[in-house]
Each structure stands twice: as structure tokens, then as C-alpha cells.
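Below is the structure I would like to discuss, written out as C-alpha cells.
Order of writing sets the labels: A, B, C and D. Residues in every chain begin at 1.
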């Protein structure tokens, strides 16, 4: 018998554990010819807000050591255009891949509005709620740093929606565990960690930050150790809860080994983000390397590895 | 007239703005033949605790992308041996470099005990209080994440000590600004930022974290954008306070350009940490590159660059 | 053609002027279809450098059915890595990407303006326009700061192209900025004109101010912005473009560009 | 001699066995003083790879007044980077670092045990002990997992050394582990003995259990731990060592080691 890469979690069957992360694969269409997301576990779409957003002025991105900063400013087509123009195409091209739509808002009400509308649309398998984008709010503090808002958003959406809801947390908090618990308490079916870290790069010649908005979100292999630590810690915490939920590991995954770090730390699924920019088939390569590792190590089911790095 | 690299801050004259960071230069003796710290702005010694500490079991360190994880466990010779055996040697070899002694404890009382004893010793120019070591406390949460403890430690030491006190903060908090404010309110004369980020690396073959303690502190160029962002943010906040204090920039500095990012973000001094391991004269090279930059850019005084990256 | 990512071997790398190099590699699939203005993303073999993101480079020349040339100048980490490549080294090439210059400007004259390392797509465009043979007159203005940077273009430009060289310090060609040279050509040709340009933002902005939309019916500028994905996914590379009235939209340099209507780009 | 950091050029790099290479470079200052057991930290030229920390390598041979050889096997990022070096490439070398083997074990016999890529310092030690000529008998046991990994040592070992090869699968030399070969030598020589070893922790731990401290008066083990600074600053590389009774101290492999008393190291 061959290797079993399927994962059942969030009440959904995933053909394999590798998804592409929000904001790093658009709406799945631009890359489709080069990298059809139907090969993957799933597609997480760029964050959708109620209104169309033009986003921040350039420069929006810059390279850092083993990573990059971005301050896109949640540029997106807006809820209506997404539902009318993007979602039908995505649904028609998904094949066995799961369609996860990432939503956000600038108030609890907007979160609920967008989540509810997307949650009622055909072709959506799950919602991912972006609680941690550090770009938008003034300075550092982001929406998802506050337990109360997390509860309100998650519970508010779930009142209207039956789809599985994944809360995407940011690591820029004193205790990510407390926020994970708040999200799960409020009914979240899964947790995605991590979003980017707040960062800045300054051009010494221009004496100014490179990114127009000053701060940007740091992603890429540079932050992988932070992401793995968050997943490990939250997984530990889940084991202490009555009804633990699955974790989606994100942050600096560029190879099968990187993905396995997250899975061993406790992630049931992983998302490939920035690495998609290095090589259009990065996510497919990650998947292939996971499979090769399992085969050479005699692992029969990928799910057997979830959380194995914890003391036994 | 030549370039002026001197910095007057914390009530002390520094011959140049480049120091070496705590834990990355020992007590100054091992590297002295290869890299005499007397050439630098100053030496920050490895954290001293009341009792000698053997530290954590190996493996304690591992490379990550553009960085490393460490979990040394505050191994140090202990307060008494430091004062008797290490400090006199340091003082005798410092030349014009400033001697900054980094102290910590596992309770407010221990912090005060060590700070007071070191603060009364001859040959010490300033104290740096390590509020943010993420290795020691269970899980993530560290001593310095709590405003009250920060206040108690800083005020407690300053009751007994007349030396300038620098509070070294960790970025692993929701709002580093609030902690900076707490430290300054309690009387801190300066702020060092940042300490390491909590991270983890897992060996897929062994299915276990590489570092014996699981978590380690992430340092090196990977975290530079996070450090620059923290300095920028806290500098902004200082401008809003009645009595702003100088900032010491730390995190991933390996070149003159890196140091200038911190200075432009608002740091009066910088510390070179992990880069010392890449090249024993890394800190001297950073200094030389800063000087070369100033000369080619027509900067007459290094202090003219402090905070210049902020909107004017 | 859909863009292809390939690991290819460097055939040749050679210095051409101060900090300026030609990189030659073989990639038959793209070589057959490349249009002037298009670009590719170049990336290092994993582990062979500390360059993280791929970097965009315009195609300079297609010198046979399969051999492609890139012309680049060193600025930072990536271009220094490239300058140290040797024949046989592997690099990642993802392309062809982006839109192209309008190759049917209608009968009349065209002025092509290349500033500094903006010259590569201008050279390919000159070749193509000249081969199409529809223009009455084709001027190419090439500006550099100083003689040591000047790339000797004569061997690669068609004979029909009238070439004008300017340097800021007058150490080669005419002294001054390209804008002055363009202005004097504009005075000579009162016919409908197409102006194509690639170069520093300040230069292209200055051109947009001296050109008269009545006289210049087509003004195409090849723009630059930091890129990550190179194909419209990350939204990182936007250029502010005025689309009807004062409203500014951010268009992706890699997808809607790199060639934009120079009268619409917000240069300031 | 105080350690020196230098950028040196690779003179030669050659494959010797499966995943195993010799790296040759010139560094006269250290070549003059290197002692068996010492090591250096090797690092890439900034930007030339994605290796971040320098890596420790024992000196293998000093083949002239200025030329030094390192013998290494590929495991991960750094050793793969090294395997791709070419003559002329620059590398950073920081050394000599660490303590050395005891070269005056007193008259008697010595057994040198090298496991896998632990062999380099053992070879240099064999050369030196043999040159000093104080020993009655010098045995060298070299173990590998399989024949394809075996380094052909005959050309570099002095004639006086009795060489024993073991492979775990029996594809070359004696089948089995080095411990079996060591045990049979121990039976032959009842004289005071010195045992020196470098190899996997499991092998050195097994040796510590089969050796009798009454018979073996000197048991020196060259240990390995992840390193960053290589000279005692970072405290990253500690080895647990029992110093008197049960109390364990963490000694720095780079400063108090890499050579430790094998009876004192806590192997488990």
C-alpha cells in the first residue's frame, strides 16, 4: 500500500496537508497555468474585506535576510466582486482541493458581515479569519491582540455560518496561548498560526524606511523558528483543553523538511506562503518532499506524525 | 576636521556607538587577544545572577535561516566570582570603552540584590537589566512581559544604585511601548532593544526539537527587521514623553549598514551580538563601516543621524 | 506563452562597462516568443547565495533561436551575486513575464529613450521596430551619468537607428540630460510621434512633463518597482496610475506593466 | 598561538569516498603550530551561501610548511556548501582552536580509534605519536558503516602503525563495530595503555564502558557539539563531564575540549 497523505480535519477531507497561504497565491487564477492549486490540499484566498481596497502606496515589499517585508494594505477586489467574479472560477477549478476563503474587517461588524456573506456562498469549504494583520492598524497593535475582539468576531460569524471557521492568529502578542484559547472557546474549529511579524527596513542612503508605510510584515524562512514555536506551544495547550482543535502551521515553509517541523510540532495542515514567490511550484515541491521523507522513513500515514515532537 | 563618532548618553562619554551584546562576548577576556573590546564603545557582559549557574544541557544552540537559536540557560560564574575574578580584569583592560554589566534574577529580590551589588562595585559604568530572557521561565512568558515587575525591578535597583540603568526589553509582548514606558517611569536611564525572539527548530529525523530545552531564543540578521521596528516605535513613543531616554539598538547587526538602520530608527548606541560568532572582529568591522559611510555621505557627527528616519 | 520556470546554465558573463555586465543563457522556449518590454525573474540556486527573492530583468537580446541575453548593473545583493556568476553556474529563470511595448505605433517617427540601465528593453525595441520597417524615422537617445558607464551599442543597433548619446558630465556624447536631446529631436520632427522610454523614475517623469500629448500620440514607459512573485499574485509591485480624471489606481508593474502609458503614471 | 581569522583560497578539493572530501588551503601561521586534536572554524564568504554560523573541523594533515588539509563528510547545509567549493574560492578559517591530545602518554602501547568522519584528528595523532617514537606499539582501529565510505588511509599513515579496518556490514575489513576490534587488541596487550578516540557519541560511549581504567591509564575522546563562536564565548557547545563524584559540569567543547577524559564524559 502506498503512502497516505490525506488529512481529515475541520470536518473536511484534504487530499494532502499542503495549502497555499492567504495573500501569496492571489485568487488561484494567475498561477493556475503554472501551478494548478487543484494539486494541493487547498487554496487560501487573499483576505477579502467588505469594500474593494486599493491598498498602500509603493514600495510595498522589500527583501530582508531570509525573508521579506510586505505592507500591501489588504488590497483586494472587495466582497461583492469576489463572490461574483472570483469565487465561481475558483470553485470550478478546485478539483479535490479545498477552498478556504480568508476574511477580515476593520470592525467586529465588518468581520461578521464579510464572514457571513462568504460563509453563505457556494463553493467555499471553510473560512479563515485574519485576526492578525499588523499592517492596517496604527502602529503595532492589531485587531487580534485583544481576546474580547477575537471572541466577538469568531462567535459573531459562527452565529450565521455553518462552515468550519479557522482563526488565523498573529504572533505579536505576549501570550498567543491565551488568544488561541479565546478563539476556541468562542467556537473556532481550527487555528492558523502564524501571520507575519512586524518589521522595518531602513535605507541608510535615503534615511527613510524602505516600505512606504514604514512598518511591514516579516515573512519567510527567517520567521520559521517563531512559527514552529507558536504551533508547538499552542498544540501543548490544546492537549490540555477539553475539545482541542486542529492547527494549521504557517511561516517560512519552503521545503518538505520545513513542513515536517510544523507537523511534528502539532500542525495537521500547513500553508506555504512567501516561498511561492521563489518558485511558482514551491508548494507542489514541498508536498513531494514530504512524500519522499515519509517513504524513506517508513511513515505510512502523514497524520501519524502530527505532534510527535512533544515529550512522550 | 575628522568624523566625530563619540556619543554622550546615559550621562557617559562613549568613544563610539558600537558595543558588544550580552552573552555574545563573554567577560571580554576570551576574545581580547583577537578583538580587544577597548577599541569599542563598550562591553556588555554576560548576564550575571546571584548564584553561579551551570546552564542548560546541550544541545544549546543551532543554526536557523540567517540566524540561530540559543538556550544557554543563563550559565554564568555567579555574582561573587564575577566581582572577584572577572570584573577587575575587565576594568583593567577597558581603556576608553565603557563597561556595562548585565544583571538578572529569578525574582524581583534577586534582581535587586545583583543589581545593587554590581552597582556598588568599582569599574562598572552602567547596568543593563535583562528583563526579557525567554529561556528560563516555563514556556513563553518571561519576566519582562509584566509592567509591574518591570517597575519593581527598575525602581528597586535604582533605590540603591547611582549608576545609569538600562532596561533591556524583549520583543515578545503585545505592546513593547507600554513596557518601555513602565521602565522609563520607574527611572530607567536608557532602553536596550531587542532581546531574542522565542523560537524552535525540530529535527525531522529525530522527531524532536534540536535544542534540549525545546524553545530557544532567535537572534541574528533574521530578526533585524523586528529590532529596527521596535526601536522606531519606542523612539516615537519617547518623543511623546516628558523625559525621553536614549535607546540602544540590538538585533541582527552584522554590518555598518545594519547599525545605521538602528541609528536612523532612533538608537543612540548599538550592540553587536550573534555576528561576533561569524567573525571575531565583527564589531570592529561594523564600526569601520559606519565611519566609512559617514565619510562618504558627508556626515560630520554620528549623533546627527539618530532618529533621522522618522517623518520630519 | 505561459511563463516557465527553469534552471538554466550560464553560458557567458562579461563586463561591458563600469558595474555593467551581460549574462547569456539558453532557453529556447522563451527565446521563440519574447517581445520587447517583457522581463524574467532571475533567482539563485538554493543555498548558493544569500539572495532571497528573485529579481526582475528585462530581456536585452535574443541572439539565436535559443540564446538570451540580460544586461545588468550592480546595485546590491542580487546584482553582486549575478556579477560573480561563472559559465556553467545554474540560475533560475522565470519568464517571459509582463506586457510589451506597442509595436504598431502607426506610420511616423519614434523616439526611444534609455536612461542608464533602462537601456536593455529599448535596444530590443529598436531592433524590432526597425525590422518591422513601418517608421519614417527612428531616434534612440541613450543617457548615462558618465563615460565609464556607457555601453557601446553600435554593434547591436540596426543601421537605420539614429543614435544620440548624452552624459551628464559631458565625458562622452552630448553633455546634459536625455531630456535636452529629446527636445531638440522634437523640434525637428513635427509629425505624429511615438516616444518609448525606460530609465530612472526622475527621467521618465521629466519626459512626461516636456512631451505634448497632442504631438506625441503614444508615450510608453517601462516602469520599475520592487517585485516578489513577478506574475500578479503578491500585489507588491504596484505603480500609481491616473485612470480617468484624478483618481489613482495601483496597477501591478509585473502584470498590467511593466509598460504603462507615461501620461497616466503618477510620477511624483 | 592566539587563533587567527583569515580569508584563504581553496587550493584543492577532491572527493575521497562516498560523501567524503578533502579540502586543502594555505595558512602558514597555523600550519606551523597545529597540534593533533585542534580544530578550526570554517565559514563562507558573506553572500556566497546560505550558511550562517561557521562550522568546526579538525585539522587532518599539515602537508607542508603552509598547506593544511581538512577531511569532511557532507551532512547538511554547511558541508554541502563546502563540497561545492572550487579551487580559488575564498573561505574564512579561524584557528587553531581547542586543546590537544596528550602526546606523552608514557612508554607502552596506544590504541587510536576513529569512527567514521571522526578519523581526521586520529590520523594526525598517529603521525605525531609515531614521529615521537616513544610507544612500543601503535594500533589504529578505523570503523565505517560500509566499504563505500572507507577512506584509503595507507598512504598517509606511518608504516609503524598497525591498522585495523572494520565495517558494520563486513563489506571491507573486519565485520562489526570498532569495539570488537578494540577488545581483541586489548586482549593481546596487557601493558599500560593509552586509548584515543574520535567518532560518534554512541561509539565513544561504548568504548568507555568496555575499557578498564586500571588497564587504560589515559582515555582521551575528541567530542562534538554544535558550536557558534568556537572560542569559549557563547557557552553553546558544552559537554557534560563528571568532575569528582556524581556532580556534572558543563565544559565548553571548544575551550576546555574538544579532547576530554573519556571516563569522565557523561555519555548517556
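As a convention for this text, a contact is a pair of C-beta atoms (placed from the backbone, for glycine too) under 8 Å apart; a residue touches a chain by one contact, two chains touch by 3 or more.
Given the structure is predicted, the values throughout are model-derived calculations rather than measurements.
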What chains, if any, are shared contacts of subunit A and subunit B? none
Joint neighbours (subunit C and subunit D) are none
So the chain most remote from subunit B by C-alpha centre is C
Cα centre of subunit B to Cα centre of subunit C, whole Å, reads 46
Need the CA-centroid distance for the pair subunit B / subunit D, whole Å please. 36
For subunit D, jot down the residues that touch at least 2 other chains. 50, 77
Name the residues of subunit A that each touch 2 or more other chains. 64-67, 220
Graph class of chain-chain contacts, one of line, ring, star, complete, other: ring
If two chains touch, include that pair; go through all of them. A-B, A-C, B-D, C-D
The residues of subunit A that touch subunit C in their complex are 23-26, 30-31, 33-34, 46, 54-55, 57-68, 70, 72, 75, 220, 274, 276-281
In the complex of these two chains, what residues of subunit B are touching subunit A? 64-67, 69, 139-141, 145, 172-177, 197-202, 204-205, 207-209, 214-216, 218, 220-226, 228-229, 232-233, 236, 252, 257, 260-261, 264-265, 293, 297, 305, 308-309
Give every residue of subunit C touching subunit A within the complex, in rising order. 2-5, 43, 50-54, 77, 92, 94, 225-240, 248-250, 255
As the complex stands, subunit D meets subunit C at residues 46-50, 77, 80-81, 84
